[in-house]
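The following pair of complexes shares a single chain, chain A, combined with chain B in the former and chain C in the latter.
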Partner chain A sequence: MTNLIKADGIVKNFGIIEALKGMDLEVPRGSITGLIGPDGAGKSTIMKIVLSLLKRDSGMISVLSVDPDKDKASIRQHTGYMPETFSLYTDLTVEENLKFYSQIHKVGRNGYSEKRDRLYRFSRLEPFSGTRAGNLSGGMKQKLALSCALIHDPELLVLDEPTTGVDPLSRQEFWNMLHELQNRGITILISTPYMDEALKCNYIFMMHRGKVVEKGAPVSLIKDFSENLFEFEVPGKRPQEYIDLLKEIFSGEAVFLSGKRVHAVLTGISDYEEVKKRVISSDAAFQVKKILPELEDLFISRILSEDTNETFR
Partner chain B sequence: MKPSGDTTIIIKNLIKKFGTFTAVNNISFSVKKGEVFGFLGANGAGKTTTIRMMCGLLEPTSGDIHVGGISVRKTPGKVKQHIGYMSQKFSLYADLNPAENMEFFGSIYGVPAKVISDEKKKLADRLELSSLNRIKTQDLPMGFKQRLGLTCALLHDPEVIFLDEPTSGVDPLGRRNFWKEIYTLSTKGKTVLVTTHFMDEAEYCDRIAIMNFGRIIDIESPDSLKEKYSSVNLNDAFIRAIKLDRENSEDL
Partner chain C sequence: MGLTGIIIKEFKHIIRDYKTLMILFMLPLLQMVLLGYAMNLEINNIDIKIDDYDKSSLSRKLESEFEGSKFFTISTDDRSINELFQRRLLNALVSIPNDFAEDLNSNRVPLVDVIIDGSDSNRAVIIQQYISGIIMEFSSGLRGDNELPINIVPYYAYNAELNSAFFFVPGLTALIIIMVSALLTSMTIAREKEKGTFDLIKLSSVHAYEVILGKVIPYLILSIFIGIFIIICGVVLFGVPIRGSYGALLFYLFIYCLTGLSFGILISTMVSTQLSAMLIAMLATMLPTLFLSGFIFQLEAMPKILQMVSWLIPARYFLVIIRGLMLKGNTQGELLLYISVLLFFSITFLGISIRRFKSYLEN
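For the complex of A and B:
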């Protein structure tokens, strides 16, 4: 599969802040590729560089076979962008927003009605065509923003955290729409903080402080996780009550909360019986399981090796 | 109705209408002292309207709200002393430095100067910053901002703390440290109400209320919710709960 985006060693600084510290990115044509990570990881910065909205300091990048810094017009024509903050006109109606975006993309009056109707079928927003965008629910705003980003039939869609702050059901509906677009051949680059969405991507780049800490297809990443992951539980107790004890027992290892339980990636010991013996000698109520990782376990074990000074303390 | 010793929040038959639209449609629930209570719902389900009424910021159309023994309807101004509010997105002034933010929030709640200066020292030690005056809040790392936000929300020692999507944008380690702190607060008797769209975080709550179309459709522990909707995780349980409620509403 050819890469629609290929970037090597992208560096971008804002004053003293190093937003991207030499990032590589490959987005295969027709894929949904995810940038996964918290705020400040560099997700929006690399997207803006892809879209020719920001200039890189150094590194090489090709998007749709051109250098975005050199051929902005071509990039703008063939890409659709949904920025992180809601960017539509809240006092315009749904229909007026679609029309406005069609005009700035020079869609042409004849093409417009057909495209609008197709987008209405896709988004099911037609009953709300006269509603002001500001009065739509969160989920519907996302659908409208997506429709506006699609009005000029782009080959590449760049979506910056489109589902942040959106409830799980609306997120599921939004992803169904993305898969429909993928089936039509559109390539999608999307960022998200939600691991359940990362699983729905063909490829992911896990980002932390301007660097890619892990990349690949989610399923293979999980399959290839070679460390030993254990899960601990004390029935009837909250995990916060016994995590410190586990941190003491396995000092120097990655020990962290996971929902109602505690997970630990153990490099020192791999033997289940040995792990069990150690925790039971501290508290007989411990239940221990050796488990397969989820993406969040993988992400945490990767970033724990980095400097963690900036997290909540 | 007076709350009993171990109940901090009592909501009874609460209704809020905006014109012909019923945003909150006759909800009742209570929250125990020290409970971590999750407030979930689809966007537009009525969560924010409910929280704003509980904080005394919005007058209910009808119904009763008691927070920390105060009738919010009778004395909406008084309840603010009993509530701390933190939102990852909005609660701090970005162009003030951390010390100024603490002074600001401390002074609007009438916190004694001595308490504010003690808290400043504690925070500086905790963050290992030599000074809280030399950096603007907007330039702090995300995790530090979050700690500052929580500190400001707790300066006046409220009984109840509202956390409105408190971990949005925070890295997975920071989110875990935050939830450990929330647990510590709850063991000290603080009642915690939290909204979040991270369903793995909702697992840390003692009970969860799910709202849809202005009504509460479930109040259960995370485990009972998963069991009720035969789901492996809360994300799945949430989706099933809302879908089922929508189907039932359409049948009527």
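For the complex of A and C:
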């Protein structure tokens, strides 16, 4: 499969802040590729570089077979973008927003009616065509923003955390729409803070502090996670109360909160009995389980090990 | 197509934000009404005391001239002059010397002392002019036309009654137009930057010139309407005349609005928030127009350096043009220099703004 986006060693600094420290990215044509990472990881920055909204300091990038810095017109003609914050005109109606974006993308009057009707069917926004965008619910706003990004039939769709703050049902509906778009051949680059959404991507790039710490198909990444993952719980106690004790016991290993429990990726110890022996020697009544990893475990353990390496560097 | 889209969108923003629209029209009306009734250049009820040391028929005649004037109220308060000035009960003291009649009869020039409260210098100058006017009138009537070499009869050309509205309506038009046009354009673009909608415009197929024209045209029309509204208010409420050509007035209003709008676009290329756009637009338009355009303060009385700075203020030229067209009925030929400078400003400003904006949009 050919790559619609191929980036090597992208560096971008904002003054003294290093937003991207040599990032690599490959987005296969027709895929949904996810950028996963905490705030400040550089997800929006690489997206803006892809879209030609920002210039890179160094590195190579090809988007739709052109360099975004050199052929902005081509990039802008074939990409659709949904920024992180809702960026449509709240005082314009659904229909007026769609019409405005069709006009600035030079869709043409005849083409517009056809596309609008198709987008209405796709997003089911038609009953709200006369509603001002500001009065729509969070989920509907996102559907409208997606429809506006699609008005000129882009080949590449760049979506910056499109479902943040949206209710779970609307998120599910939104993802169904994305899969429908993928089936039509549109390539999607999406960033998300939700691990369940990361699992819905064909490929993911886990980012931390301007670098990719892990990449691949989510299922393969989980399958290939060879380290030993243990779950700890003390009945009747909150995990915050005993996590420090576990960090002390397993010093140098990745120990982190996971919901109401604590997880630890133990590289040096694989034996369950050995782990149990170590925690039993403490005062707390730990319950220990060896568990199968989830994407979140993989991500946090990579971030923590990256931070440890950084400290020692 | 993109241009039409942006123009229609901007008009919708303007119309739907009716509160801002109301403020834009109410603000000049309010300023005009306040200025019209509060800022009166004519001073009435000047409290004056006359010390007549001569007590001759001539000195009493001069005293009666003051008594007969509608501007003066003769004070009979016996307290000391110093106290009366201190308590602001007296504005001026006229002392007629004891040899006043004798001097006049022997063709000598008598010296009449006048002391004026100078704590408000502008008021003091006007009072002095009124007193001089009365004395001149008195001496003129006394000696006959042939014998008095100088007979000063003050007459304020184009504004005989020193009507304040004649003074501030053109000035207010100049001030409001430059403020509103620069503020609105810079803020509309800054708002789009702040909300992220500008990134979506940048990512569209729209050309830089379409964005600029799309943003400028609606606000140009709005600014011209506000300008016409102020002028009509001036004419209807205060009887300010328009003695020159209406067409010319409209054309220069258009040029001046364009200067303000170009300035607004220039600001928008430098800032990214509405707050900074507002502060810069207000600071860069209101203060110079108020203080350095000749609206309120005489440019000739300013230090050379400030006079030089005033050459860069578009309102300076527009004020001459609008005052010329409204009050003097100037022809285009008589205003050619000012018109040329204003046109030069407008074209240069627009050129720089478009260039900067284009490079901002394309990068």
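Keep in mind that, in the parts below, the second predicted complex is superposed on the first by the 302 of 313 C-alpha atoms of A that agree within 3 Å, B and C clash if a C-alpha of one lies under 4 Å from a C-alpha of the other, contacts with A are read in each partner's own complex, and residues count from 1 in each chain.
By our rule, contacts are C-beta pairs under 8 Å (C-beta built on N, C-alpha and C of every residue); 3 or more make two chains touch, one makes a residue touch a chain.
Quantities reported herein were computed from a predicted structural model and do not represent experimental measurements.
Colleague: First (chain B), second (chain C), both or neither: which does A:Tyr89 touch?
Modeller: In the superposition, A:Tyr89 touches chain C alone.
Colleague: Contacts for A:Lys70 in the overlay, against chain B (first) and chain C (second): which applies, first, second, both or neither?
Modeller: After superposing on A, A:Lys70 lies clear of both chain B and chain C.
Colleague: One more residue to check, A:Tyr81. First (chain B), second (chain C), both or neither?
Modeller: It touches chain C, and chain B stays clear.
Colleague: A:Lys55 in the overlay: touching chain B, chain C, both, or neither? Say first, second, both or neither.
Modeller: second
Colleague: Does chain B (first) or chain C (second) touch A:Tyr101, or do both, or does neither?
Modeller: second
Colleague: Counting touched residues of chain A, say whether chain B or chain C comes out ahead.
Modeller: The partner with more contacted residues on chain A is B.
Colleague: Residues on chain A in contact with chain B in one complex and with chain C in the other?
Modeller: Dual-contact residues (chain A): none.
Colleague: Which bits of chain B are touching chain A when the two form their complex?
Modeller: Where chain B meets chain A, its residues are 40-45, 126-127, 141-144, 146-147, 165, 168-181, 183-184, 197-200, 203-204, 222-223, 235, 238-239, 242-243.
Colleague: For the complex, which residues does chain C have touching chain A?
Modeller: By the definition above, chain C touches chain A via 1-2, 4-6, 8-9, 12-13, 16-17, 195-197, 199-206, 362-363.
Colleague: Okay, in this complex, where on chain A does chain B touch?
Modeller: For chain A paired with chain B, touching residues are 37-41, 137-139, 164-172, 193-196, 208, 238, 240-241, 243, 256-260, 296, 299-300, 303-304, 308-313.
Colleague: Provide the residue numbers of chain A that touch chain C in the complex, in ascending order.
Modeller: 51, 53, 55, 72-73, 76-77, 79, 81, 83-85, 87-89, 91-92, 96, 99-106, 108, 148, 152
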